[in-house]
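Following are the structures in question.
Common to both upcoming complexes is chain A, partnered first by chain B, then by chain C.
Right, the complex of A and B next:
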């Protein structure tokens, strides 16, 4: 740092401030138009009735949209919000268990980079490809039913049967998101000092004990991170469902909150209800994230 | 990460681990393989039971059909332009703002940095509706008057595909974190030599930033190329703005049912090839980006 002085230093400071704001202008302008303004707009719309087109027709209705969402006979709480939670919980459970198993096993092998790269293929692939490939894997004449028939089992109408549609989509979302989890858990595994393992082996601890007593506790921060980020992704994603079951069918069996919001706005033109639904989902996400942080902190001291 | 070789495998014969990982790899690859093999199947071959994994003959006609059905030049043009503009814009704006937040001293720096961080908290679905409405009512565009009334606004122009994605809070954060480690002495020396602030950024800061720029570019490229929901919305308003993912999704509705699935798979293979190749070539940089962001 230059020593404090008179005019030149102050002029340099002022110049730096001007330059800094000049450099920040594009970002700040963008955030004003595409972040602050939309948030205001969303708050306003959530408390209005509006069928689109003329902005002058926006009619304030207070909290009516929110009470409508939770009114008797509304499908928003069940099945839509319940589906959203099941979708997120199912995805996180499968992806986390699968990723933990795979990351631990990969860590024991050679050519680790190869295996991790493989696990990433679904992530760099567009959701349109992932969704459609699986849609036809699940189809009556597709690979999975072909394999079931080959084993002498009956065909399953995975995406057409309301009982199996949601779990079927959950599996795909988990399949598609496992790569990220594997990557983060691997980094967590690598940060565990080798000395811990050596000491445990000298003490004659078995593989299971080592995993439970050393790996799992020291992996906590990575597990928490994966859990929280994948939960958020699971709660808000709907592109995959949109590709695989179009409008959340059969019936509302695979309809989730973000898809409901999308359809209310762009299909039925009920912008107020749609915006209210978006806010409810946002609050659910915040609540679940805070809840997870609290749970992890309470169960395991700091992290 | 880079020192992954330091740990020797703990078990001398990790057969169990091999079995699990190979099973995982098969589960990952089978859908891709099935997509590729189905894309070669002839008319009526897909959907017949018992299921046959391999095509009877490697029939390339599905690729020809996909190319005929899709307006591929248009779709590619839209996807390429949108991806290039988004990636370029995020790189430049992140490098500018990140530098200001990392290396310049000015009142309000902490507040703005927190604001940038907070932008990452809001999930994208919250913005679909307002973004669409803001573009519809963009003043003076697409037949709108100065109050944003009367026309379709920007939703019918190529700008609609890119505008909501031009700046990324994550990108700014990433750049800032990286640029903090550039030595101040380097910048001071250049200032004493009389370099202007912009020349400083261009000649000294940017070259130092190359590794993180590659990572950010790749991450942004993949996300932008694969973007679906927003592009679907915009192509509904104006079919001339259709991107590759949306176009292929549309294949479902206008094809001979006997060949629909194989032709669609051919289209999917064509659409994911560029990104897949890029990823395989530069995967180290990409994976580092995912590590840094934690989210896709």
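Right, the complex of A and C next:
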């Protein structure tokens, strides 16, 4: 019986598979052209020397670009890569804490739609506008220093002092990216069944205990998503730094990997070193993402 | 580098250029093929050349357009069109457009990039006849800045030397009669003129340190280094030489000025000086026209003096510049060289600034253009003719145009050109970051010099 009916079923399945792949073909082609090919080209360039003009001028150099990146005197590991990590960690920490606090507040307020919309406004504002407004706020004669002076405090050279430049930009990046995190976390908060809270209140649990024992554990999948996406955004950040500190200054205080890659490729015509740096950054992003997944999975977050 | 916001000089420039724009076309023997007839397309077919420059703001844009219009009016077959971007975007634009196969026929790069553009195959060598003429007519610093390994890659256009700008009123208020002639005098004047409010905000800087861009940070430091007898790179351009005693002295001087409250590198020099909030600063000659436009009547309080060295007789400064070259991918190199020869190599009568359109002196159209916007070319004889026969000009500024240009013209005699090897821009950017680390107290002078040496040597050691 099974064999008698197996033929047509298998044939139908094969047809279904063929049709499925047929429908998938445009998407697969898109990925092949715009993802796989550039990726392979970047891997090739990472092992070549090329000014970016004629393909015939690509000169294979093996691993020389990678050794140059980490050679004595190279700025890539320190400060560029360390700045990138500090920038990403700082952004995630501030954005996550801020978003969690605000999302919890919004969840307990009236007119939640209004507050969510307001918190999302920085996302729909262009990075150039955000960067320039904050640049003015941070300026020696700007609003923040004016407020500090009004309180009898000395001015702070936020973007001019290498000690404060990176944290100052981190704050802006976190502020600008908090809207998405708030949206995701408020959605996560809404999905937590009310019954858990009622049971906890009946058992006499305080607000702190409820937040620590119920809200946080059940919010873990949303937190994981926010954490991973914010980290990747932070590691790839370029535009805001370019607007606020131009070339990653003062000195190298705010120079990050994406900015360095841009300058190497488009300014100095050194596509080999830029591609090698991109490859290293890709590995860093993969390692950090896998690390976060492992950490959350160990605590049951991925479920 | 070039925050040019000139408002004055455009009218003078137009008059000057009009007098220089209508003679017979030159260029015979200066094209690639040696016949001045061009190269791409059918012989006699109309050709349109594009020029990509950083002359995006006034009066530079109008000054260039005037001379291009004069060419177009007298040359039916070869039409020239101009396109401009901000200086900060110029190198990136050249690289990206070249990568996209949309490079302009004629490009106008900063001499610092010559090595990079030559190694990337963007610039075409100057034809032999034109090269001979350039070597004969231009100052050695201008020729060197437009050459790589002895081969010329374009006509040197403007040449910038660095000198000390000072605000006479601020020096006078501090009881100082004239500009400093030594580092000691410069320091004394800087400390005496600096003022802060009760919150510690700087009201007047004794000495301004600009962090606007690579050219500002490095230019003023290398000018002081040259005045101290030091150099950025070794003569072969393969290693850094700034770790010398001279380099240490210069960074020590800058750090001392900050530590003792006379300088604040966090304040925009380009805005503070015109506002009368900086007593002294080192910058290139193009700034004179910018200041004249921004300061109006207050510009009479601005003076310019040679960059001081440790001793009164120490003379040295930095020369930078631009060149006009032909793209290696241009389909019409012959026509492009013909236009460039007409613009830079042929002399035509031009009026001297301040003397109206009459009484023309024979100078190149580019020299006339540059002087009309308060700048200079590397043709010293043209500059002497246009600026009044001597570097200093008249005491009241008549005949010599802006007397503040005198010290920049004089500096052409002793200024050292900026290194322009294949990785010169990277080396400059690395030096800038280390200088800024000293200015901001992030690194000691010794540590910054060590790091700069290590980083720049590593960069220069990489094959291109």
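As a convention for this text, the second predicted complex is superposed on the first by the 267 of 303 C-alpha atoms of A that agree within 3 Å, B and C clash if a C-alpha of one lies under 4 Å from a C-alpha of the other, contacts with A are read in each partner's own complex, and residues count from 1 in each chain.
Here, a residue touches a chain if its C-beta (ideal position, glycine included) is under 8 Å from a C-beta of that chain, and two chains touch if they have at least 3 such contacts.
These figures come from a predicted structure and were not determined experimentally.
> Once the shared chain is lined up, is A:133 touching chain B (first), chain C (second), both, or neither of them?
first
> In the superposed arrangement, which partner chain does A:266 touch: chain B (first), chain C (second), both, or neither?
both
> Should A:253 be classified as contacting the first partner (chain B), the second (chain C), both, or neither?
In the superposed model, A:253 contacts chain C only, not chain B.
> Check whether A:68 is in contact with chain B, with chain C, with both or with neither, and answer first, second, both or neither.
second
> Let me test your reading of the model: by the given contact rule, A:23 touches which partner, first (chain B), second (chain C), both or neither?
first
> Touching A:162, do we find chain B (first), chain C (second), both, or neither?
Once the two structures are laid over each other on A, A:162 reaches chain C alone.
> If we overlay the two complexes on their shared chain A, which of chain B and chain C does A:49 touch? Say first, second, both or neither.
Only chain C; A:49 stays clear of chain B.
> Between chain B (first) and chain C (second), which, if any, makes contact with A:296: first, second, both or neither?
neither
> Give one of first, second, both or neither to describe whether A:274 is in contact with chain B, with chain C, with both, or with none.
first
> Once the two structures are superposed, pull the chain A residues common to the chain B and chain C interfaces.
On chain A, the residues that contact chain B in one structure and chain C in the other are 54, 140-141, 149, 266.
> What residues on chain B touch chain A, complex-wise?
Listed in rising order, the residues are 1, 4, 6-7, 9-11, 14, 16-18, 20-21, 24-25, 27-32, 34-35, 38, 46-53, 92-94, 96-97, 99-101, 104-107, 109, 112, 115-116, 119, 122-134, 137, 148-149, 163-164, 166-167, 169, 172, 184, 188, 197-198, 201, 222, 225-226, 228-229, 232-233, 236, 244-246, 248-249, 252, 261, 264-265, 268, 271-272, 275-276, 279-280, 283, 286-287, 290-291, 294-296.
> In the complex, go through chain A and note every residue touching chain C.
49, 51-54, 57, 68, 71-75, 140-141, 149, 153-155, 157, 160-163, 246-247, 249-253, 255, 263, 266-269
> Please output the residues of chain C touching chain A within their complex, sorted ascending.
Against chain A, chain C makes touches at 91-92, 95-96, 98-99, 116, 119-122, 199-201, 211, 213-214, 265-267, 423, 425-426, 429-430, 433-434, 436-437, 439-440, 442-443, 454-459, 462-464.
> In the complex of these two chains, what residues of chain A are touching chain B?
1-2, 13, 15-17, 19-21, 23-24, 26-28, 30-31, 33-35, 37-39, 41-42, 45, 54-55, 98, 101-102, 104-110, 112-113, 115-130, 132-134, 136-137, 139-143, 145-147, 149-150, 175, 177, 180, 183-184, 187, 190, 194, 197, 201, 207, 225, 229, 232-233, 236, 238-239, 242-243, 258, 261-262, 265-266, 271, 274-275, 278-279, 281-282, 285
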